[in-house]
Amino acid sequence: MQQDFHRISVDTRGKGLTMITRPIVEWVRQTGIQTGLLTLWCQHTSASLTVQENADPTVRQDIAAYFEDLVPENRAYIHDDEGPDDMPAHLRTMLTNTQLSIPVSNGAPVLGTWQGLYLFEHRRQPHRRSVVLHLMGE
Amino acid sequence: MQQDFHRISVDTRGKGLTMITRPIVEWVRQTGIQTGLLTLWCQHTSASLTVQENADPTVRQDIAAYFEDLVPENRAYIHDDEGPDDMPAHLRTMLTNTQLSIPVSNGAPVLGTWQGLYLFEHRRQPHRRSVVLHLMGE
Amino acid sequence: MQQDFHRISVDTRGKGLTMITRPIVEWVRQTGIQTGLLTLWCQHTSASLTVQENADPTVRQDIAAYFEDLVPENRAYIHDDEGPDDMPAHLRTMLTNTQLSIPVSNGAPVLGTWQGLYLFEHRRQPHRRSVVLHLMGE
(Lines give C-alpha, C1' and ligand atoms only; values in the text may rest on other atoms or scores of the structure.)
Protein backbone atom coordinates (compact mmCIF):
# COMPACT_ATOMS: atom_id res chain seq x y z
CA MET A 1 0.00 0.00 0.00
CA GLN A 2 1.38 3.33 -1.13
CA GLN A 3 0.46 6.96 -0.43
CA ASP A 4 0.97 10.03 -2.59
CA PHE A 5 0.31 13.70 -2.00
CA HIS A 6 -0.11 16.57 -4.41
CA ARG A 7 -1.46 20.09 -4.35
CA ILE A 8 -3.14 21.95 -7.17
CA SER A 9 -3.58 25.72 -7.36
CA VAL A 10 -6.72 26.98 -9.03
CA ASP A 11 -6.89 30.56 -10.25
CA THR A 12 -10.52 31.65 -10.17
CA ARG A 13 -12.12 34.62 -11.92
CA GLY A 14 -14.57 35.42 -9.13
CA LYS A 15 -17.80 33.60 -8.35
CA GLY A 16 -18.48 30.41 -10.27
CA LEU A 17 -17.32 26.92 -11.18
CA THR A 18 -13.87 26.01 -12.50
CA MET A 19 -13.46 22.49 -13.82
CA ILE A 20 -10.54 20.63 -12.24
CA THR A 21 -11.16 17.09 -13.50
CA ARG A 22 -8.26 16.98 -15.95
CA PRO A 23 -5.28 17.85 -13.66
CA ILE A 24 -6.66 15.50 -11.01
CA VAL A 25 -7.12 12.52 -13.36
CA GLU A 26 -3.69 13.20 -14.87
CA TRP A 27 -1.98 13.23 -11.47
CA VAL A 28 -3.65 9.96 -10.45
CA ARG A 29 -2.38 8.38 -13.67
CA GLN A 30 1.18 9.60 -13.00
CA THR A 31 1.30 8.03 -9.52
CA GLY A 32 0.97 4.60 -11.11
CA ILE A 33 -1.56 3.56 -8.45
CA GLN A 34 -4.21 1.33 -10.03
CA THR A 35 -6.60 0.73 -7.13
CA GLY A 36 -7.22 3.00 -4.17
CA LEU A 37 -8.96 6.00 -2.68
CA LEU A 38 -8.42 9.58 -3.85
CA THR A 39 -9.28 12.42 -1.46
CA LEU A 40 -9.56 16.11 -2.41
CA TRP A 41 -9.45 18.70 0.37
CA CYS A 42 -10.16 22.40 -0.34
CA GLN A 43 -8.20 24.50 2.17
CA HIS A 44 -10.62 27.44 2.33
CA THR A 45 -13.86 28.53 3.99
CA SER A 46 -15.07 30.67 1.06
CA ALA A 47 -14.55 28.23 -1.83
CA SER A 48 -15.65 24.59 -2.09
CA LEU A 49 -15.79 21.45 -4.23
CA THR A 50 -18.68 19.99 -6.17
CA VAL A 51 -19.50 17.29 -8.70
CA GLN A 52 -21.57 18.41 -11.65
CA GLU A 53 -22.52 17.76 -15.24
CA ASN A 54 -19.42 18.14 -17.40
CA ALA A 55 -21.15 19.05 -20.61
CA ASP A 56 -23.55 21.95 -20.73
CA PRO A 57 -22.40 25.48 -19.77
CA THR A 58 -26.01 26.59 -19.17
CA VAL A 59 -26.01 24.30 -16.12
CA ARG A 60 -23.27 26.45 -14.64
CA GLN A 61 -25.25 29.64 -15.27
CA ASP A 62 -28.31 28.20 -13.54
CA ILE A 63 -26.18 27.09 -10.61
CA ALA A 64 -24.74 30.60 -10.26
CA ALA A 65 -28.19 32.23 -10.32
CA TYR A 66 -29.69 29.71 -7.90
CA PHE A 67 -26.95 30.17 -5.30
CA GLU A 68 -27.30 33.99 -5.51
CA ASP A 69 -30.91 33.55 -4.40
CA LEU A 70 -30.29 30.75 -1.91
CA VAL A 71 -27.65 32.75 -0.05
CA PRO A 72 -28.34 36.41 -0.89
CA GLU A 73 -25.71 39.12 -0.49
CA ASN A 74 -28.32 41.68 0.57
CA ARG A 75 -29.27 39.84 3.74
CA ALA A 76 -28.35 41.58 7.04
CA TYR A 77 -25.15 39.85 8.15
CA ILE A 78 -23.20 40.81 11.28
CA HIS A 79 -19.93 39.56 9.79
CA ASP A 80 -19.20 41.70 6.71
CA ASP A 81 -15.58 42.74 7.26
CA GLU A 82 -14.65 41.83 3.71
CA GLY A 83 -17.83 43.05 1.99
CA PRO A 84 -21.32 41.74 1.17
CA ASP A 85 -19.99 38.52 -0.40
CA ASP A 86 -17.99 37.57 2.72
CA MET A 87 -20.62 35.81 4.83
CA PRO A 88 -22.53 34.33 1.84
CA ALA A 89 -19.23 32.72 0.80
CA HIS A 90 -19.00 30.92 4.15
CA LEU A 91 -22.61 29.72 3.93
CA ARG A 92 -22.26 28.49 0.34
CA THR A 93 -19.17 26.55 1.40
CA MET A 94 -21.15 24.87 4.19
CA LEU A 95 -23.93 23.89 1.78
CA THR A 96 -21.57 22.29 -0.75
CA ASN A 97 -18.32 20.30 -0.07
CA THR A 98 -14.92 20.96 1.42
CA GLN A 99 -13.90 17.38 0.72
CA LEU A 100 -14.53 14.62 -1.82
CA SER A 101 -13.19 11.04 -1.73
CA ILE A 102 -13.39 9.02 -4.93
CA PRO A 103 -12.53 5.34 -5.37
CA VAL A 104 -9.83 4.71 -8.00
CA SER A 105 -10.03 1.67 -10.27
CA ASN A 106 -7.88 0.84 -13.31
CA GLY A 107 -5.78 3.89 -12.54
CA ALA A 108 -8.64 6.42 -12.70
CA PRO A 109 -11.34 7.86 -10.41
CA VAL A 110 -14.66 6.04 -10.95
CA LEU A 111 -16.52 9.14 -12.19
CA GLY A 112 -19.80 8.56 -13.99
CA THR A 113 -20.12 9.47 -17.67
CA TRP A 114 -21.50 12.94 -16.97
CA GLN A 115 -19.61 13.75 -13.81
CA GLY A 116 -16.98 16.48 -13.65
CA LEU A 117 -15.06 17.79 -10.63
CA TYR A 118 -15.29 21.53 -9.97
CA LEU A 119 -13.91 24.14 -7.64
CA PHE A 120 -16.72 26.51 -6.66
CA GLU A 121 -15.47 30.06 -5.97
CA HIS A 122 -17.79 32.05 -3.70
CA ARG A 123 -15.99 35.43 -3.57
CA ARG A 124 -16.47 38.18 -6.17
CA GLN A 125 -12.77 38.76 -6.65
CA PRO A 126 -10.40 36.34 -8.39
CA HIS A 127 -8.51 34.13 -5.91
CA ARG A 128 -5.77 31.52 -6.01
CA ARG A 129 -7.24 28.45 -4.31
CA SER A 130 -5.40 25.43 -2.96
CA VAL A 131 -6.71 21.86 -3.16
CA VAL A 132 -4.75 19.04 -1.48
CA LEU A 133 -4.82 15.65 -3.25
CA HIS A 134 -4.15 12.45 -1.35
CA LEU A 135 -4.09 9.00 -2.90
CA MET A 136 -3.80 5.74 -0.99
CA GLY A 137 -3.66 2.45 -2.87
CA GLU A 138 -1.48 0.11 -4.86
CA MET B 1 -4.25 -4.25 3.91
CA GLN B 2 -6.84 -5.40 1.40
CA GLN B 3 -9.15 -3.61 -1.04
CA ASP B 4 -12.52 -4.69 -2.40
CA PHE B 5 -14.86 -3.17 -4.97
CA HIS B 6 -18.52 -3.70 -5.57
CA ARG B 7 -21.31 -1.91 -7.42
CA ILE B 8 -24.97 -1.83 -6.50
CA SER B 9 -27.80 -0.91 -8.87
CA VAL B 10 -30.75 0.90 -7.35
CA ASP B 11 -34.06 0.98 -9.21
CA THR B 12 -35.88 4.13 -8.16
CA ARG B 13 -39.57 4.96 -8.61
CA GLY B 14 -39.05 8.64 -9.29
CA LYS B 15 -38.28 11.38 -6.75
CA GLY B 16 -37.59 10.24 -3.21
CA LEU B 17 -35.44 8.18 -0.87
CA THR B 18 -34.60 4.48 -1.33
CA MET B 19 -32.95 2.77 1.63
CA ILE B 20 -29.71 0.99 0.67
CA THR B 21 -28.33 0.13 4.12
CA ARG B 22 -28.96 -3.60 3.94
CA PRO B 23 -27.12 -4.54 0.69
CA ILE B 24 -24.19 -2.36 1.75
CA VAL B 25 -23.85 -3.85 5.23
CA GLU B 26 -24.24 -7.33 3.78
CA TRP B 27 -21.48 -6.77 1.20
CA VAL B 28 -19.09 -5.44 3.86
CA ARG B 29 -19.75 -8.57 5.93
CA GLN B 30 -19.03 -10.84 2.93
CA THR B 31 -15.62 -9.24 2.25
CA GLY B 32 -14.43 -10.50 5.63
CA ILE B 33 -12.75 -7.15 6.33
CA GLN B 34 -13.10 -6.33 10.04
CA THR B 35 -11.53 -2.87 10.24
CA GLY B 36 -11.32 -0.27 7.50
CA LEU B 37 -12.92 2.51 5.52
CA LEU B 38 -15.98 2.06 3.28
CA THR B 39 -16.61 4.61 0.52
CA LEU B 40 -19.84 4.98 -1.47
CA TRP B 41 -19.74 6.90 -4.75
CA CYS B 42 -22.95 7.77 -6.64
CA GLN B 43 -22.12 7.98 -10.36
CA HIS B 44 -24.78 10.54 -11.29
CA THR B 45 -25.45 14.27 -11.24
CA SER B 46 -29.21 13.97 -10.71
CA ALA B 47 -29.30 11.49 -7.81
CA SER B 48 -27.34 11.56 -4.56
CA LEU B 49 -26.64 9.90 -1.21
CA THR B 50 -27.82 10.87 2.24
CA VAL B 51 -27.91 9.60 5.82
CA GLN B 52 -31.26 9.80 7.53
CA GLU B 53 -33.48 8.40 10.24
CA ASN B 54 -34.21 4.75 9.47
CA ALA B 55 -37.50 4.47 11.30
CA ASP B 56 -40.30 6.89 10.51
CA PRO B 57 -41.70 7.13 6.95
CA THR B 58 -43.19 10.59 7.70
CA VAL B 59 -39.62 11.89 7.81
CA ARG B 60 -39.26 10.90 4.16
CA GLN B 61 -42.48 12.72 3.24
CA ASP B 62 -41.31 15.90 4.95
CA ILE B 63 -37.93 15.65 3.20
CA ALA B 64 -39.66 15.32 -0.18
CA ALA B 65 -41.89 18.35 0.45
CA TYR B 66 -39.05 20.49 1.79
CA PHE B 67 -36.78 19.84 -1.20
CA GLU B 68 -39.63 20.68 -3.62
CA ASP B 69 -39.75 24.14 -2.03
CA LEU B 70 -35.99 24.54 -1.59
CA VAL B 71 -35.30 23.84 -5.28
CA PRO B 72 -38.57 24.57 -7.09
CA GLU B 73 -39.33 23.19 -10.55
CA ASN B 74 -41.19 26.34 -11.56
CA ARG B 75 -38.12 28.58 -11.34
CA ALA B 76 -36.85 30.02 -14.64
CA TYR B 77 -33.93 27.77 -15.59
CA ILE B 78 -31.92 28.14 -18.81
CA HIS B 79 -31.04 24.44 -18.83
CA ASP B 80 -34.29 22.49 -19.21
CA ASP B 81 -33.50 20.07 -22.04
CA GLU B 82 -34.93 17.15 -20.12
CA GLY B 83 -37.89 18.94 -18.54
CA PRO B 84 -38.64 21.07 -15.45
CA ASP B 85 -37.07 18.52 -13.06
CA ASP B 86 -33.73 18.52 -14.93
CA MET B 87 -31.96 21.51 -13.39
CA PRO B 88 -33.53 21.09 -9.92
CA ALA B 89 -32.10 17.55 -9.93
CA HIS B 90 -28.57 18.94 -10.41
CA LEU B 91 -29.03 21.50 -7.63
CA ARG B 92 -30.46 18.95 -5.17
CA THR B 93 -27.47 16.73 -5.89
CA MET B 94 -25.09 19.60 -5.06
CA LEU B 95 -26.89 20.31 -1.77
CA THR B 96 -26.71 16.67 -0.58
CA ASN B 97 -23.91 14.09 -1.15
CA THR B 98 -22.32 12.32 -4.08
CA GLN B 99 -20.01 10.45 -1.71
CA LEU B 100 -19.99 9.03 1.82
CA SER B 101 -17.07 7.37 3.62
CA ILE B 102 -17.86 5.34 6.74
CA PRO B 103 -15.37 3.73 9.13
CA VAL B 104 -15.83 -0.04 9.49
CA SER B 105 -15.30 -1.72 12.87
CA ASN B 106 -16.07 -5.33 13.87
CA GLY B 107 -17.00 -6.02 10.26
CA ALA B 108 -19.72 -3.35 9.99
CA PRO B 109 -20.05 0.37 9.20
CA VAL B 110 -20.19 2.41 12.44
CA LEU B 111 -23.70 3.76 11.80
CA GLY B 112 -25.52 5.29 14.76
CA THR B 113 -28.68 3.61 16.10
CA TRP B 114 -31.02 5.75 14.01
CA GLN B 115 -28.88 6.16 10.89
CA GLY B 116 -29.84 4.63 7.57
CA LEU B 117 -28.14 5.04 4.17
CA TYR B 118 -30.31 6.27 1.32
CA LEU B 119 -30.14 6.94 -2.38
CA PHE B 120 -31.98 10.18 -3.12
CA GLU B 121 -33.56 10.19 -6.59
CA HIS B 122 -34.16 13.71 -7.95
CA ARG B 123 -35.82 12.95 -11.31
CA ARG B 124 -39.54 12.36 -11.74
CA GLN B 125 -39.10 9.21 -13.80
CA PRO B 126 -37.85 5.89 -12.43
CA HIS B 127 -34.13 5.36 -13.04
CA ARG B 128 -31.55 2.64 -12.53
CA ARG B 129 -28.79 4.26 -10.45
CA SER B 130 -25.26 2.98 -9.91
CA VAL B 131 -23.36 3.29 -6.61
CA VAL B 132 -19.72 2.16 -6.44
CA LEU B 133 -18.61 0.60 -3.13
CA HIS B 134 -14.94 0.56 -2.15
CA LEU B 135 -13.60 -0.99 1.05
CA MET B 136 -10.02 -0.73 2.25
CA GLY B 137 -8.98 -2.50 5.43
CA GLU B 138 -8.02 -5.80 6.98
CA MET C 1 -0.13 0.60 7.13
CA GLN C 2 -1.80 1.06 10.50
CA GLN C 3 -5.36 1.86 11.60
CA ASP C 4 -6.55 3.59 14.75
CA PHE C 5 -10.02 4.29 16.11
CA HIS C 6 -11.22 6.80 18.65
CA ARG C 7 -14.52 8.31 19.72
CA ILE C 8 -15.11 11.79 21.05
CA SER C 9 -18.18 12.88 23.01
CA VAL C 10 -19.32 16.45 22.45
CA ASP C 11 -21.65 18.07 25.00
CA THR C 12 -23.68 20.70 23.17
CA ARG C 13 -25.69 23.55 24.67
CA GLY C 14 -28.50 23.42 22.13
CA LYS C 15 -28.46 24.73 18.57
CA GLY C 16 -25.14 25.99 17.28
CA LEU C 17 -21.51 25.20 16.49
CA THR C 18 -19.02 23.61 18.91
CA MET C 19 -15.39 23.65 17.83
CA ILE C 20 -13.79 20.19 17.93
CA THR C 21 -10.50 20.88 16.13
CA ARG C 22 -8.27 20.60 19.18
CA PRO C 23 -9.19 17.12 20.52
CA ILE C 24 -9.06 15.75 16.97
CA VAL C 25 -5.64 17.18 16.13
CA GLU C 26 -4.34 16.04 19.52
CA TRP C 27 -5.57 12.46 18.99
CA VAL C 28 -3.97 12.29 15.53
CA ARG C 29 -0.68 13.41 17.06
CA GLN C 30 -0.88 10.74 19.75
CA THR C 31 -1.34 7.91 17.25
CA GLY C 32 2.12 8.63 15.87
CA ILE C 33 0.82 8.30 12.30
CA GLN C 34 2.59 10.81 10.07
CA THR C 35 0.84 10.31 6.72
CA GLY C 36 -2.66 9.05 6.14
CA LEU C 37 -6.37 9.72 5.96
CA LEU C 38 -8.49 10.82 8.92
CA THR C 39 -12.25 10.23 8.78
CA LEU C 40 -14.83 11.76 11.14
CA TRP C 41 -18.28 10.18 11.34
CA CYS C 42 -21.11 11.83 13.29
CA GLN C 43 -23.46 9.08 14.56
CA HIS C 44 -26.65 11.16 14.55
CA THR C 45 -29.38 12.40 12.22
CA SER C 46 -29.99 15.68 14.08
CA ALA C 47 -26.41 16.93 14.45
CA SER C 48 -23.70 17.21 11.80
CA LEU C 49 -20.14 18.26 10.97
CA THR C 50 -18.90 21.34 9.20
CA VAL C 51 -15.69 23.21 8.37
CA GLN C 52 -15.75 26.91 9.10
CA GLU C 53 -13.71 29.97 9.87
CA ASN C 54 -11.97 29.45 13.20
CA ALA C 55 -11.62 33.07 14.17
CA ASP C 56 -14.64 35.34 14.25
CA PRO C 57 -17.62 34.49 16.53
CA THR C 58 -19.93 36.74 14.48
CA VAL C 59 -19.62 34.17 11.68
CA ARG C 60 -21.24 31.63 13.98
CA GLN C 61 -24.10 34.02 14.81
CA ASP C 62 -24.78 34.63 11.11
CA ILE C 63 -24.71 30.87 10.45
CA ALA C 64 -27.25 30.29 13.23
CA ALA C 65 -29.61 32.98 11.89
CA TYR C 66 -29.28 31.84 8.28
CA PHE C 67 -30.11 28.21 9.07
CA GLU C 68 -33.17 29.27 11.11
CA ASP C 69 -34.51 30.90 7.93
CA LEU C 70 -33.33 28.20 5.52
CA VAL C 71 -35.06 25.43 7.49
CA PRO C 72 -37.79 27.17 9.53
CA GLU C 73 -39.34 25.57 12.59
CA ASN C 74 -42.76 27.07 11.82
CA ARG C 75 -43.18 25.12 8.57
CA ALA C 76 -45.95 22.48 8.53
CA TYR C 77 -44.13 19.20 9.12
CA ILE C 78 -45.87 15.82 9.42
CA HIS C 79 -43.09 14.42 11.61
CA ASP C 80 -43.03 16.49 14.83
CA ASP C 81 -43.00 13.81 17.54
CA GLU C 82 -40.18 15.51 19.36
CA GLY C 83 -41.27 19.12 18.82
CA PRO C 84 -40.92 21.84 16.17
CA ASP C 85 -37.11 21.48 16.00
CA ASP C 86 -37.30 17.73 15.23
CA MET C 87 -37.79 17.72 11.45
CA PRO C 88 -35.68 20.88 10.83
CA ALA C 89 -32.83 19.08 12.61
CA HIS C 90 -33.00 16.23 10.08
CA LEU C 91 -33.05 18.63 7.13
CA ARG C 92 -30.12 20.72 8.44
CA THR C 93 -28.15 17.50 8.86
CA MET C 94 -28.83 16.57 5.23
CA LEU C 95 -27.68 20.00 4.01
CA THR C 96 -24.38 19.89 5.91
CA ASN C 97 -22.10 16.85 6.60
CA THR C 98 -22.33 13.60 8.50
CA GLN C 99 -18.78 12.74 7.47
CA LEU C 100 -15.47 14.46 6.73
CA SER C 101 -12.23 12.85 5.53
CA ILE C 102 -9.04 14.89 5.85
CA PRO C 103 -5.59 13.95 4.55
CA VAL C 104 -2.91 13.85 7.27
CA SER C 105 0.62 15.03 6.53
CA ASN C 106 3.50 15.55 8.98
CA GLY C 107 1.31 14.13 11.71
CA ALA C 108 -1.54 16.66 11.34
CA PRO C 109 -4.71 17.15 9.26
CA VAL C 110 -4.00 19.48 6.29
CA LEU C 111 -6.45 22.18 7.43
CA GLY C 112 -6.10 25.60 5.81
CA THR C 113 -5.08 28.58 7.93
CA TRP C 114 -8.64 29.66 8.64
CA GLN C 115 -10.31 26.27 8.79
CA GLY C 116 -11.75 24.86 12.00
CA LEU C 117 -13.74 21.63 12.52
CA TYR C 118 -17.15 21.99 14.17
CA LEU C 119 -19.98 19.87 15.42
CA PHE C 120 -23.27 21.52 14.43
CA GLU C 121 -26.07 20.82 16.94
CA HIS C 122 -29.55 21.16 15.42
CA ARG C 123 -31.76 20.45 18.45
CA ARG C 124 -32.81 23.10 20.98
CA GLN C 125 -31.89 21.01 24.01
CA PRO C 126 -28.31 20.19 25.03
CA HIS C 127 -27.20 16.76 23.82
CA ARG C 128 -24.19 14.48 24.19
CA ARG C 129 -23.05 13.73 20.63
CA SER C 130 -20.73 10.97 19.47
CA VAL C 131 -18.17 11.37 16.66
CA VAL C 132 -16.15 8.34 15.53
CA LEU C 133 -12.55 9.03 14.43
CA HIS C 134 -10.73 6.64 12.12
CA LEU C 135 -7.15 7.09 10.97
CA MET C 136 -5.42 4.95 8.37
CA GLY C 137 -1.77 5.58 7.52
CA GLU C 138 1.80 5.08 8.62
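Letters are used for the chains, namely A, B and C, taken in the order the chains are written, and counting of residues starts over at 1 for each.
The working rule: a residue touches a chain if its C-beta (ideal position, glycine included) is under 8 Å from a C-beta of that chain, and two chains touch if they have at least 3 such contacts.
Everything numeric here is computed off the predicted structure, so don't read it as measured data.
Contacts between chains leave no pair untouched here, as each chain touches all the others. Matching the C-alpha atoms of subunit A with those of subunit C calls for a turn of 120 degrees, to the nearest 5. One inter-chain figure worth recording: subunit B and subunit C are separated by 20 Å, centre to centre, where each centre is the mean of the chain's CA atoms. Contact of a single residue of subunit C with at least two other chains is seen at positions 1, 37, 95, 97, 101, 136.
Listed in rising order, the residues of subunit C touching subunit A in the complex are 1, 35-37, 50-53, 56, 58-59, 61-63, 66, 95-97, 100-103, 105, 110-115, 136-138.
Against subunit C, in their complex, subunit A makes its touches with residues 1, 3, 5, 37, 39, 41-45, 71, 75, 77-79, 81, 87, 90-91, 93-95, 97-99, 101, 130, 132, 134, 136.
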